[in-house]
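Note that chain A is present in both complexes that follow, paired respectively with chain B and with chain C.
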Partner chain A sequence: MLTSDEIETIIYTAIGALNAEREPNDQIPATPTTALFGVDAMLDSLSFVSLITDVEAALNVDHGLNISLADDRAMSRPESPYDTVATLRDYILELTEGGG
Partner chain B sequence: MSDAAGYADQVVVVTGASRGLGRLLTEHFLRNGAYVVGVSRGQSDLAHARYAHRPCDITDERAVRDLFIGIARAHGRVDVVINNAAVLTSIHAMLMPAARADEMLRTNVLGTLLVAREAAKLMRKRSFGRIIAIGSMASTLEPVGDSMYAASKAASMTLSGVLAKEFGSYGITVNTVAVSALETDMLRQLPRAKVDAVVAGLPLPRLATPDDVFNVIDFFASPRSSYVTAQTVFLGGVHS
Partner chain C sequence: MIPQPATTLRGRYVNLRPLRVADAELTFAWRQSERTAFLHRGAQSVAEQAAWIGSRPDNERNFVIELASGQPVGMLSLIAIDMANRHAEPARFLIGEPAAVRGIPAAVEAMKLLYQLAFDELQLQRLYGTVASDNTLMTKWQKYLGMQEEGRLRRHLFLGGHFQDAICLGLLEHEYRTRSLPRMNALIGQT
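Let's look at the complex of A and B:
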């Protein structure tokens, strides 16, 4: 079972991969409140897709969890799990605790 | 790709690999040096050092994800995907059972999307990928009796066009080979007179051969075809 901190680390690793491709003055901060999706987000749609697929791949391949981060549950929530690092972390925690 | 090194070290996924065109394509890739992961709902009797068969229902989202998690762990990459799996029920629309129509949409369209989606996630990491759908002349000839099959194949072509746009920036191309009549189990489900009439109307009025298909597949799969995407090649000269 992954802890909240471990999940956050996975998300930060994915943000780090995005930052490696960005200019020094355009880095995405690795903090729980960093906006990932919506008007406040620094990520464009391609960067957002890359982030989600990188996190999903880490969960699937490195941790053996068959989890989709873009399933019906995620799409149909009144509060999007993609809003910030913290909401994504909490959603992943919920999925892993519920067995995916 | 006539030399044995044509696909050396590449990982190729073929759906519908246990029989028909999928089996022929699987053998073609193996002859040319690829590691092939063959996918079908059942087992395969094909034995080869570079062949792994993975039973999977491609309309089952979780199963498809599992399939590609396994491929990522075993190989860490996918170079080429052949979206070949398809089902066909040929019957007058007034008699078409909804369950058969639904099965064609699920396998021929949804399954194609799920396989392409999971493959693209892996391909993205290496900024290289070739996704090739097996289309059909039915999508444009619209033969009587093939309402849902033709519609599903037209949908698959449109799907490939959109995927080509969405995946292009990752170095992934998405194309379609629209096969005319090829001697397979699927073709044998159709009345022979109907097949003969369709073939007679083609600019090149003969059945397709496996090599006709391999030729276009090899072109789309080639690393040199990095500037070729969102294309459909109709074998036999069918007009789009």
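Let's look at the complex of A and C:
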């Protein structure tokens, strides 16, 4: 079972991969409150999907979890799981606790 | 014969409005930005851009991506539409006004509208295209939204001052319905 901290680390690693290709003055902060998708987010659509892809890959390859972060379950939630690092972390935690 | 209703494709956040010659100045300005580094060389003047728009062949559908407010924010095309073999190529994808689409899933919904045109209206079997190998974000994006990597044309493109591979991507009709649509809907629905 992944812990909240471990999931956060996976997300931060994905943010780090994005930052490696961004200018020094355009770095995405790795904090729980960092906005991922929405009006306050620094990520455009391409960067956001890249982050989701990297997080899914890490969950699958490194932890054997076949989890999709963009499916009907994400749509059916009253609050978007994509708002911030914290909401995405909590959504992944919920999925992993529920068996993916 | 390719049906040419030339109508606007309407979504929740964005619409795809047929490209017009009157869009030449705006689209030419977009083509001058750094964001077009991975597109092929375009027109060199507004007049050339207008001539290019005016000469689009029947086997293309060229669109301006507009917000619901009517503000144009980008462009997207379906080209090389082949009704005999039932395939076509999404192309010329450009968000020209990134600040205007911040927080709006404009890119995903624009592509969804184009896929709906291809698979639902034109009843194509396959979409395909190439992405420059340096364009890693676009490659990831296309794959996440359902495209499969089908091959690689080595040193096929000269972009950014050096040769790059062209990554060949393809999407079949059933992959669109089972893989692309659920992901697109999730990304569009959750903002």
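Going forward, the second predicted complex is superposed on the first by the 100 of 100 C-alpha atoms of A that agree within 3 Å, B and C clash if a C-alpha of one lies under 4 Å from a C-alpha of the other, contacts with A are read in each partner's own complex, and residues count from 1 in each chain.
In this section, contacts are C-beta pairs under 8 Å (C-beta built on N, C-alpha and C of every residue); 3 or more make two chains touch, one makes a residue touch a chain.
Predicted model, so just to flag it, every value in this text is computed and none were measured.
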- request: Look at where chain B and chain C land on chain A after superposing the complexes, then choose clash or fit.
  value: clash
- request: Look at A:S50 in the shared chain and tell me whether it touches chain B only, chain C only, both, or neither; answer first, second, both or neither.
  value: both
Partner with the higher number of touched chain A residues, chain C or chain B: C
Query: Does the superposition put A:N19 against chain B (first), chain C (second), both, or neither?
result: neither
Message: Contact-wise, after the overlay, does A:T9 reach chain B, chain C, both or neither (first, second, both, neither)?
response: neither
- request: Applying the touch criterion given at the start, work out whether A:N60 contacts chain B, chain C, both or neither, answering first, second, both or neither.
  value: first
- prompt: Should A:Q27 be classified as contacting the first partner (chain B), the second (chain C), both, or neither?
  reply: neither
Field: chain B and chain C footprints on chain A, overlapping residues
entry: 46, 50, 53, 68, 71
Residue ranges of chain A in contact with chain B within the complex: 46, 50, 53, 56-57, 60-61, 64, 66, 68, 71
Query: How about chain A: which of its residues touch chain C in the complex?
result: 21, 37-41, 44-47, 49-50, 52-53, 68, 70-72, 74-75, 77, 80-82
- prompt: In the complex formed with chain A, which residues of chain B make contact?
  reply: 61-62, 65-66, 69, 72-73, 121-122, 124-125, 169
Message: Residue numbers of chain C touching chain A in their complex, please.
response: 95, 98, 101-103, 105-108, 136-138, 140-141, 143-145, 182-183, 185-187, 189-191
